[in-house]
Amino acid sequence: MMPDLGKYAETVLSSYAVSILLIVALVWWSVRAARKAKLALEDVEARRK
Amino acid sequence: MGSIWEYANPVKFSQTVSRFLAPVAMGATVCLVIGLVWGFFFTPDDFRQGATVKIIYLHVPAALMAINAWFMMLVTSLIWLVRRHHVSALAAKAAAPIGVTMTVIALITGAIWGQPMWGTWWAWDPRLTSFLILFLFYLGYIALWEAIDDPDTAADLTSVLCIVGSVFAVLSRYAVNFWNQGLHQGASVMRAGAITGTDTEEKVSNVFFYPLLVCIIGFVLLFVALVLLRTRTEIHKRRTRALLARERMA
Amino acid sequence: MRALLKRDLILAFRAGGGFGLGIAFFLIVVVLVPFSVGPESGLLTKIAPGVLWLGALLACLLSLDRILALDWEDGTLDLMATAPLPLEAVVTVKALAHWMTTGVPLVVAAPLFGVLLNLPPQGFVWLVVSLALGTPALSVIGTFGAALTVGLKRGGLLLSLLILPLYVPTLIFGAELARRGAEGQAVSTPLLMLAGISFGVIALLPFASALVLRVNLR
Amino acid sequence: MVLRVKNLSVARGGVAVLEGVSFTLAPSDALVVKGPNGIGKTTLLRTVAGLQPAFKGTVEAPEDSLAYAAHSDGLKSMLSVAENLEFWAHVFGQKDITQAVDAFDLSDLRNRLAGSLSAGQKRRLGLARLLVTARPIWILDEPTVSLDTASVALFAQAVQRHLSSGGSALLATHIDLGLQANILDVGPFKAVAGATAISGYDEAFL
């Protein structure tokens, strides 16, 4: 299944690893911030009622 | 009715986002998985660059989005300055961290790719250098947002910085192109076809082009999804702030 | 306007900082370079234009936060905003005063420091021309940065972060002009570009500076 | 040269502090703004002076008629008293500073650097600046801070002269200057939580 990357295996794999890591980190961070902000807002709105 | 400016209302925008976010995020995931798997497992090696050509599926979409994110920030900054729609300013703020991540991905994959191709991690190739400068612009823009307490002042100042910065970014692009001529040439020749992705002189390139296209669509959708999500986060924060301010007064 | 320029110049003289510090900093950068890269004269000749330009740019950067911060702290800017003088004129005069107290001394001192770095004889003229054309742009762009960060507590560091990318085109064309001059190559392209950048920013950037200053005074 | 403020609401840090303030200041009138600390007197004066936008309502004044003086004097410690005044005189298109120097008894200090003055002397210099602006409507925020009794009297005289020559003054002060002044107590205008209380930028998020 794994394609033969030859002598460039490290190059290609590290590129994919770094990029995917960065994207996942960005998504995770955004989702966490979104959740936090939403909870804080719901908290304040609940108090208003 | 039906005007696009309706969505400039933060509450309306939040509701709309909640409806569209899931499908866009799904689309982004599907495209990215298909594109990357296709590119990584089912494309041949390039006759010159060998397996390293697979980096193209990350490098080119990230580089495109790094520029497009800045362009989007420029447009939303102008909308904020002219029409004072809060969503616009917050969307610009939300896009910056995504843009900087894309710039970093483009830079790192470029450096990793450059190592076997040019025999060095870093060459002051005009294109790489331009991205480094773009990275600095993003850093300054984000730092300015963080440094100012008052949200409207921050929106105004960062918008002006974004517009002025855009002019200087274009100037820098020309300056860098001119500056590198004297040092060494041809560093980007190898990648000329790769960057445009539509290089039809070589028939092989279609093999690379279709998965690349899917990846680009995936990155665009990912960007849209993240901007929507992050803008909504900023709106929630501002609403919380406004409600707390009102609470204190009561 | 003339009163403001006169006042800023007197203040720069009396406070002592303006003239002396920038030049001293420039001198130190130039003296330190041979220590860090070695005394070989061929190498120094080659890098002299670039080092002189970088030194001048850093010396300029050093005094940017003083352009507006002092007038902000003592309330002068508030009073200026209610005065009949438009803020566009105020920021232009401020940039001019900064250039006269920082840029001009750098232009004058640069040939002397060029001697220290083995700058070839034909390079001196173009070094002075490039700095004389480029330093006004540095002052005007710097005033924009100062106006952006004027109310902030950690303004100084942020100012450098914001300004340095904006300095890139000026630095590239300025240093390139000085380098080509020193190596006896054709200079017309960088000369025109540098002049274009300088006149462009002088004509347009004060409006942006006044705009952000108005926002900061709100 | 009449200053008209109509239904003015002012905001500080995005929250309205005073609402529905209205008054008219005619030539030879003085109006003293009173109210407890933190209620928004400074914000009100800054808004009237045009230094920050009004949240609601209008401020009508003839162009180039307002002179504003606040806690910070805009004085340079490395310039002499005369140089400081001459600078501001030039900015406002005036030449002569002798009247301002005499009015605040600064003639002995003319050539002293402003940095070497005492706090009270500095304050007098800051107020002398008002005279060189030649503007008819003065907006003064706590003008008597760090002045001794004699200096307060000097200041009161200067304001009195200004009023009798057809000028007007809007002051925020706790000290009775012995002027024929109307009092504006801003206490009743304190903004209350309500639909309009959150001002400007945050309003859109409610």
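Observations
Here the chain labels run A, B, C and D in written order, and each chain numbers its own residues starting at 1.
One rule holds for everything that comes next: a contact is a pair of C-beta atoms (placed from the backbone, for glycine too) under 8 Å apart; a residue touches a chain by one contact, two chains touch by 3 or more.
What you are looking at is a predicted structure, and each value in this text was computed from that prediction instead of being measured.
Once CA atoms are averaged chain by chain and compared with the all-protein CA average, the nearest chain turns out to be C. Here C-D and A-B are compared, and the pair linked by more C-beta contacts is A-B.
Centres computed as Cα averages put chain C at a distance of 37 Å from chain D.
In this assembly, the C-alpha centroid of chain A lies 15 Å from the C-alpha centroid of chain B. Computed from the mean C-alpha positions, the centre of chain A lies at a distance of 54 Å from the centre of chain D. One simple way to say how far apart two chains are is to compare their mean CA positions; for chain B and chain D this gives 49 Å.
Shown for chain C are the residues that touch two or more other chains, namely 218. Shown for chain B are the residues in touch with two or more other chains, namely 239, 243. The multi-chain contact residues of chain A, meaning those touching 2 or more other chains, do not exist; every residue touches at most one other chain.
Chain contact summary for the complex, chain B toward chain A: residues 36, 40-41, 45, 50-52, 54-55, 58-59, 62, 97-98, 101, 104-105, 108-109, 112-113, 115-116, 222, 226, 229-230, 232-234, 236-237, 239-240, 243-244, 247. Of all the residues in chain B, the ones that touch chain D in their complex are 9-11, 86, 150-152, 235, 238-239, 241-243, 245-246, 248-250.
The touching residues of chain B, when paired with chain C in their complex, are 133, 136-137, 139-140, 143-144, 147-148, 153, 156-157, 160-161, 163-165, 168-169, 171-172, 174-176, 178-179, 182. Those residues of chain D whose C-beta lies close enough to touch chain B in the complex are 13-15, 191-193, 197-198, 200-206. Only residues 2-4, 6-7, 10-11, 14-15, 71, 73-76, 78-85, 217-218 of chain C touch chain D when the two sit together in their complex.
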